[in-house]
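You will see chain A twice below: alongside chain B first, and alongside chain C after that.
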Partner chain A sequence: MSLESEAKKHVIELLEKGVRLDGRKLLEYRKPLKVNYGVSVNAEGSASVQIGETLVFAGVKLAIEQPYPDTPDEGLLMVGAELLPLANPRFEMGPPGIEAIELARIVDRGIRESGFIDLKKLCIEPGEKAWAVLIDICPINDAGNLFDASALAAFAALKNAVFPAVVDGKVDYGTKTNKKLPLVDVNPMSVTVFKIGDHFILDPTTEEQELYDARLTVGSMSDGRLCALQKGGDVPLSADDVQKMVKIGIQYGKELRKLVIK
Partner chain B sequence: MKKSFKRPDGRAYDEIRPIKAEVGVVSRADGSARFQIGKTVAYAAVYGPRSLYPKFLQNPKHGLLRCYYNMLPFSSKGERIRPGPSRRAMEISLVTEKALTPAIDLTKYPNAVVDVFIELPQTDAGTRCAGITAAAMALADAGIVMYDLVSAVAVGYVNGNLIADLIYDEEAYPGEVADIPVAYMPRRDKFSLLQMDGKVSSEQLQKALELAKKVCLQICDIQRKALKRRYEKYKLMENMEG
Partner chain C sequence: MSRGKQLVKDKSIVVPGEVVAEGKDFILGPGVRREGNQIVASRVGLIHFEGKLIKLIALSGRYIPRRDDVIIGRIKEILINGWLVDTESAYPAMLNVRDAVTEYVAKGSDLTRFFDFNDYIVCKIINVTPQMLVDVTTKGPGLKKLIGGRIIKVNPNKVPRIIGKKGSMLNMIKQATGCNIIVGQNGVIWIKSTDPKMELIAVNTIKTIEEESHVPGLTEKIHAYLEKETGKKIKLQKE
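Let's look at the complex of A and B:
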């Protein structure tokens, strides 16, 4: 038996007793679990999320751009994620790899598909000018569970964002208004449920992330409906698994939402 | 010609902005630090010494120091910065490497590399200096063998007045401005970074370097205190065992 599967066997034995390597229960987030604001005074909105040792920054910049031809009366949304080599010895320099792209797209999907940002209200002049909401996710320390930390940080940064002033059709970044983004009360939240053996866990550490079988990122809204899903990992899921994971995702999404909306 | 100049944030000419320094902020790294001066915030993480690949880059006589400087997309006044290395970032990475290398005994790390990653989430000028200062603390935190710390600050002239630690509004002042970022090794009494944008006389440069030394010693004191704070708890444990 390989060393890796020895480690996995050990983890599963513990999970059967209801504990994790670090002593947590299966569906327990690490502490501190915190959202802070004001990562950058130069961003239109910014937030940091701390889950245990994991630390992720998210910033929102606003710009005036031309709408896409197929949605001439809507603003634009862009989510980028960079796995900075500062945050993890495994991350390398260079253009975003597949991990960074998946992370950005998962966060993007939750925000976009829930209709959290009223993109129509971001239109300034149909076909010509609209606000672009540019979200960047930057992990500073990756000690596991970048998915949940990133989505939460992006959500909090959007809640925190205000428009800059506009002078003669140009953005005056030095002057902030007190006008908030046109956000809809759906409040998408993202919880990734990991499956190891027959067990479901939340908020994995780096070690746990190396040996999971499957994961499901559950995007849910305030009304308890789903707005985005993403399955990952090499092992397939049964309909029963999905049902259980979705339930956990929705339930803990409510808890995470409380960190921003009090 | 010397015209009167009042600093936008009300500081005295030789006064640096408030500083916060903390060591050990990135648990995944071998060493790390956060350094804040005014609104400029730098994180530095050190990985290594670790194996250097591709292998032909390895040198059996000494290791290699690699530095990467990067501003986060939402960090600066103005538009979003597109991710990825710009010409400016690449040059700053280079001078950062040159500023730190003389402080390190790389002969201790044959065939290896020490990587330093500097990220700035929020900026208001002085970013390369904040990055170098944070990186020096992170290298010490990583236990890299060092001859000296490195402390860095920008000094300069606005309308002929010598000032320390310029902010963005001073760099962009609509008068005559010279900006001189400097890194200083306090124990060796040597400069390891020296750049300048602007016009000054050689006498003015001499005076500027004197001010840079004075201010860097203040910064070095803060770096040392932050490093000591980090390791105080180990000292306590040692005492208990003894």
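Let's look at the complex of A and C:
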């Protein structure tokens, strides 16, 4: 088996000329790049993100649970992703595979480590009761770059979320209050930078995602600081590569932030 | 013998299982089958009655290998005496060493020096058995391994529109964009060009034809589109 398939050689050839398979520049997101809020009535907060043909829905559910014993005064945050066969014929039904787990963890880390949700404010009664924030990610169509789309959708869904009413210590999901989640103004954004050959690209299509060498998901905050990193792919990255990729990630994180924060 | 009875209108859309005619005196073309006294459609498509011949032009569905079709396949497995080729259909094809190369190849030697895993090849179907075992060859004019370029996949039922009458549509795209294009009957298309911009125009044109294959006056529309995109005057071939 040859190291580089003909398809990959062709992609690299094009990248050297500064174009992608679909005619985009190397560091360019597909259009339309859109965020819609409140797409689900049953969720406490929801949003959909469209990047080109990729479409991801994210929903936030709030429930009252017992806090974890090691953090008795904090609320809970859980992120789950389900890759449905509807999104991509490659995905199969059944328990979440490695891809779904990685996707959920990348989204989780971006939000958790930036301190975007003030978990202390979610505590109702230390050690006894706290709000649990459950984010569900549901890709409707996977045409590449689920990472960025999911992270953005989760972010937008959190922005959209409101607490349900509580009656006698029980949650009444039918009634919504005006109270928003305790969010901190750090606004984490995830940008995944892909490396193919010696080139860095953003927002790959399915074809490009099949032949990349390495990827780095860069989570950054409003002030330009890093909050999360996740490396994937078979090829190792040099320190120089990481620096360049982080720089690209932070720069385009700002662009994405403009989209959701007016 | 009783006279046959036509049950649906000519050029109407039928679905699989729909009874299109009754009687024994029809000749069956592609896409229809006989069930007792009835003639039943086996695919979604437009039904054509031409005298006693009934044929069904499929509108959707995967490729079904047919003898003498030139297709573009992908090497999906390397076997002891040849290669297994993915044909974008339900049936993989077998490429035997003796149908691929002229030189003598010792049994058990390394076959990857001819065709490697994931290589795309232009091949011709030489035989399809009733059990749908498919044999292909790469011996013949224009049959080869594809080097460089990109592969796109389209609905195989739209391939005749992409090629056009006597290749008119395909020639127009080739002439306008200067790309090398090979269209396989299985809906796999190979495009190679030195200019990425032209390559993209060719891809978009083919996608447009695929989407709008039913629109009348498609050739003129594509002609105008190509002239606009490439900024060149293109001679319109008379069919």
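Operating definition for what follows: the second predicted complex is superposed on the first by the 258 of 262 C-alpha atoms of A that agree within 3 Å, B and C clash if a C-alpha of one lies under 4 Å from a C-alpha of the other, contacts with A are read in each partner's own complex, and residues count from 1 in each chain.
The definition used in the following text is that a residue touches a chain if its C-beta (ideal position, glycine included) is under 8 Å from a C-beta of that chain, and two chains touch if they have at least 3 such contacts.
Everything numeric here is computed off the predicted structure, so don't read it as measured data.
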item: Of chain B and chain C, the chain that contacts the larger number of chain A residues; value: B
item: Which superposed partner A:K17 touches (first chain B, second chain C, both, neither); value: second
item: Touching partner for A:A239 - first (chain B), second (chain C), both, neither; value: neither
item: Which superposed partner A:I98 touches (first chain B, second chain C, both, neither); value: neither
item: Partner chain in contact with A:F57 - chain B first, chain C second, else both or neither; value: first
item: Partner chain(s) touched by A:A7 [first = chain B, second = chain C, both, neither]; value: second
item: Complex interface listing, chain A residues touching chain B; value: 39-43, 46, 53, 55, 57, 59-61, 63, 80, 82, 84-89, 93, 95-96, 134, 136, 138, 140-143, 171, 173-174, 206
item: Residues of chain A defined as touching chain C within the complex; value: 1-2, 5-7, 9-10, 13-14, 17, 19, 21-23
item: Touching residues (chain side chain C, partner chain A) in the complex; value: 112, 116-120, 146-151, 196-197, 200
item: Complex contacts: residues of chain B adjacent to chain A; value: 25-29, 39, 43-45, 47, 50, 68, 70, 72-80, 83-84, 115, 117-119, 121-124
